[in-house]
Amino acid sequence: MAVKAQAQPLASRQASVGTLRQVLAPIGQIFVFVVGSSLILGAIVLVLALLLSRTQANLLSGVLTVLPLVIIDGLVLGFLYATIALGYTLVYGVLEFINFAHGEIYMVGAFVGGGLGLWLASQGLLAAMHPLLFVVFALLVAMTASGLLAVGIERFAYRPLRNAPRLVPLISAIGVSLVLQDLVRLLAGPSRFNLRYPQLGLSRRFQLLEIPTAAGANLRVAIDSQSLIFIVTSLLMLIALNYLINVTKLGKAIRAVAQDRATASLMGINVNLIIAMTFFIGGALGGGAGVLFGVKYSTVNPYIGFIAGLKAFTAAVLGGIGNITGAMVGGIVLGLLEAFVSTYLTLFTGGRFSGPDYASVASFLILIGILIFRPSGLLGEATTQKV
Amino acid sequence: MKRIASFVMLLVLLASALAACGAATPATSTAPSTAAGGTQASVAASVAAATTAASAAASPLAAATTETMATATTDTTATTTAGTDGTAVAGTDGTAVAEENLPDVSALNLSGIRIGYQGPLSGPQAQFGTTGLNGAQLAVEQLGEQMGFQGVEIAQFDDQATETVGASNANTIAADQNIMCVVGHINSGVALAALPTYRDANLVMISPANTNPRVTEEFDGTAYRLVGRDDVQGVVAADFAVNELQAKNAYVLHDQTAYGEGLATVFRDTLEERGVTVAGFAGTQEQSVFDAVLTPIQAANPDVIFFGGIYSTVGPFIQQLRERGIEATVLGGDGLDSPDLTRLAGETAVGTNYVSVSGPASAYPQAAQFSEDYQSQFNAPAGYPAFQAYDAAKACLLAIANAATEANGKPTREQVEAAMEDVDTFQGVTGTVTFDEEGDRSPATYYVFEVVSGDPENWGQNTVAGTVEAEPPAE
Amino acid sequence: MALLELQNVHTFYGNIHALKGISLAVNEGEIVTLIGSNGAGKSTTLRTISGLLSPRQGQVLLNGRRIDTMPSHEIVKLGVSQSPEGRRIFPRLTVLENLEMGAYIHSRRDPQYQADLERVLDLFPRLRERVAQKGGTLSGGEQQMLAIGRALMSRPHVLLLDEPSMGLAPILVDQIFSIVQDINKQGTTILLVEQNALMALGIAHRGYVLQTGQIVLSDSAKRLSENETVQKAYLGLD
């Protein structure tokens, strides 16, 4: 009896401490990276400004003025990449397979949300809805749709190729990606190529600072509620995913399948079902990111998945592919980096080089650099860390 | 060490590639501006001359009244000389175009003649492309019959607003020997890519919407246009910014296409001449996420933002601009002239100004019948570039008919090309159309609009803030 | 009727004929051992039973019911679990999580689950000390214990053990085999595959000798250990 009593509190005590730590630790890591990257990038930019301010007047003040705005831009972009990256990393962790169609799954989610908005508006139901309610509703519908789409793709485009050489399912994934782009384009029709999300009147702006500028008026640094919704929802998704993977039985089964597929089936785990569930979860996260994108940037088109997917995949690798927190961290670092390059390159070169064009170049250069010096990624371990 | 070395080598390689690109880009982007710069003085002079001739108002851009426009059109009609045989000048009282003397080729039993059409029929700019197609379609149906053709049809091609697709389609068009003439393109960049093929095939291209000067300058005898040019449009926009908007500080953007960059460059150069600060000049291919572009704008705090681009890009841009609380007035070119701008930007589009090379329906009294026919056939109001495409198709038909008459049978493309050069003037739904030796419309009219409603259905109600009539700049 | 039976099972790896008509039976409550040298087909036999491989010919019967066409996760639900060759514990899951995975087919809220957990930790006190440690950090012997314990978590009728002595020091082997006997006494039928014929025959009731995919000898464990051929080939006795 005494022995039994020992094991129970031991097990449950372990569980609750572990749970709390596992679920919340990633938030801490993310915070560290946000602050750290902002500081490092800000410092680099300031140093450059100081060096170059001999040739350009007002450069330093210009640089400083825009800094808070750039950081906010970077964070929003970063969370977008981070949320999409979660889908990539989850699937890679389980199958060691890069689902190149994931970007399009995200795009489909965006269209489903937008289509839902159109339909609700046509039924006259949209006006009566609280905007946040619409967002939640759209998220649920789009996440389900994207999840199911991902499962379907796995079933028909990847599973038959599971024993083929690695390159074959990869090519299949690229094919699926192209098919989805044009399928959505076809279904949306020329009049809805650019699909506009319903205007929810969410644009409340929360002012953070006011900075005096050389141009005269004060620069109001504010974050709008769409961006906040974006960031908060992404964080919630991360926490939920962490809980799922580390605490629930399903999550452990996913990790077991990721570590040793044959032995997992010896445990009574239906491996094909678990893989399908993994795709569902990954797809749902992507679809959710799509809706959030539509809510924030108001217009979606069939090609938003391509570049966003590529960048998010870069983010996942940057953070350590297979590592969930790594995906988020990678996304945020990448987003901040792109925002800094986009704005400051234009500023430093006086407009000769258009920043936004070279932002992608910078991201991929950093990717190459990280892979050369630290191939496992920012949060990865020496051996491929899986889910 | 090895890793560092290889990384450094990679960086050096990329840096040198960048430098090479950097050296190249300014050259190409300054080309239009130097050309524009050279002609700016003459444009300004001709603009001034035309408008003082047209109206008694001191400011070249007096607030629009029907009076101003009526005066302009009356003047033009008065100075028009009789055109090619059989196209006597008709009245300007809104009578249907059919009453004029069109050539009749029914005796020649011409069948199987096709007119090619290229424009974006799918994708973000589909609204422009399909509107143009509809206009051309209507022309071919109505005028083809009236002129006695045994069935003329449009051979439509979707260039997806993409250079490579347009050029590839041009090959297909050139191969089809039944195609005698081309109506298109909508995007200047795509036209420039396709024109070498048309020229080599002796195919005449008449554009309802290309405004970049290079289209006619570099393809003499092949390219014609029904609309004005960017080296005037940009000046008109700049003058509007200075005189009406009282801009002291402007930020200029473009979408990195031949059209957008060309127009933005003219605008910027003109502003600088007028002594206005240009706080920034940036190009972007971004279509959805404009944060990186908006942040520097927010910091620069301009009075006016000019965007040389198409509605599909500028719509979302305006939405995000306003969401950031930036209140500067937005100004653009004819690329914004589409109800889809408000479909994409909604209420935020209200107050946007744009210069267009196409006027409001009221500017085309001869188009009353056309507008009616268009509405009943396509279930949408006629807009830009439908009027222009109709006239472009008409020009094609006239040239083909005249060439056929001379050849006494089905003409060759060379004969159509030659006949087109002789089509000096004719009456179109956009008024009297006169081509100069370059193939430009001379004179052409430019309108400055303001968006009044967030509802795309009300696009036709946009108010005209000013009208300018001008000859294309002399070389 | 035997609890577990193989009838003329032929299993192939691609074109390689690994099992050439294996027939064997395991009765309720027994410890049956399958001995043979490397490459004889011992692990292949267990994999076939567990459903990781499908026989091209022949049948596998559990309580008279065919299981050779069922997927492996279904077979576990019927009460057949395996401690695989090479232990194959999940390296990045903790000991507790590994055991949880063993009990996958049962709900965690099942009160029996706690009892099962207790039983396993009682059988392997070393594991109790390391409950929160990641599986990959355990020693070889501990991993073997974990593998067996994990297999027990599903409350199997038949426990398949694939070479539990592999790579372990003799004293650990003794320990583990003694525990295996305890498990059997607690009511679990065991099919034990081993290269260490001495130890295996020491605890088994009956045995089969497998050679290049075929059963060559079948007898009680005692008689097998006295068999001259077996002694020379597998027991190292002259």
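Order of writing sets the labels: A, B and C. Residues in every chain begin at 1.
Here is the rule we use: a contact is a pair of C-beta atoms (placed from the backbone, for glycine too) under 8 Å apart; a residue touches a chain by one contact, two chains touch by 3 or more.
All values derive from a computational prediction rather than experimental measurement.
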Topology of the chain contact graph, where touching chains are joined (line, ring, star, complete, other): line
Two chains sharing the most C-beta contacts: A-B
Distance-to-centre winner among chains (Cα means, whole assembly as reference): A
Approximate Å spacing (C-alpha centroids) for the pair subunit A, subunit B: 40
Subunit A and subunit C: spacing of chain centres that average the CA atoms, whole Å: 45
Distance from the mean Cα position of subunit C to that of subunit B, given in whole angstrom: 80
Complex interface listing, subunit C residues touching subunit A: 50-52, 71-73, 76-77, 81-82, 84, 88-93, 96-97, 100-102, 104-105, 108, 114, 117-118, 121-122, 128, 131-132, 150, 154
Subunit C-facing residues of subunit A, complex: 3-4, 7-8, 10-11, 14, 18, 249, 252-253, 255-256, 259-260, 262-271, 386
Parts of subunit B lying in touch with subunit A, wherever the complex brings them together: 3, 6-7, 10-11, 14, 18, 22, 26, 121-124, 126-127, 130, 249, 256, 279-289, 291-293, 295-296, 298-301, 312, 315-316, 319-320, 323-325, 340, 343-344, 346-347
Of all residues in subunit A, those that touch subunit B in their complex: 62, 65-66, 69-70, 73, 76-77, 185, 190-191, 193-194, 196, 199, 203, 205, 213, 215-217, 219-220, 222, 224, 226, 297-301, 303-304, 338-339, 342-343, 346-347, 351-357, 359, 361, 365, 368-369, 372-373
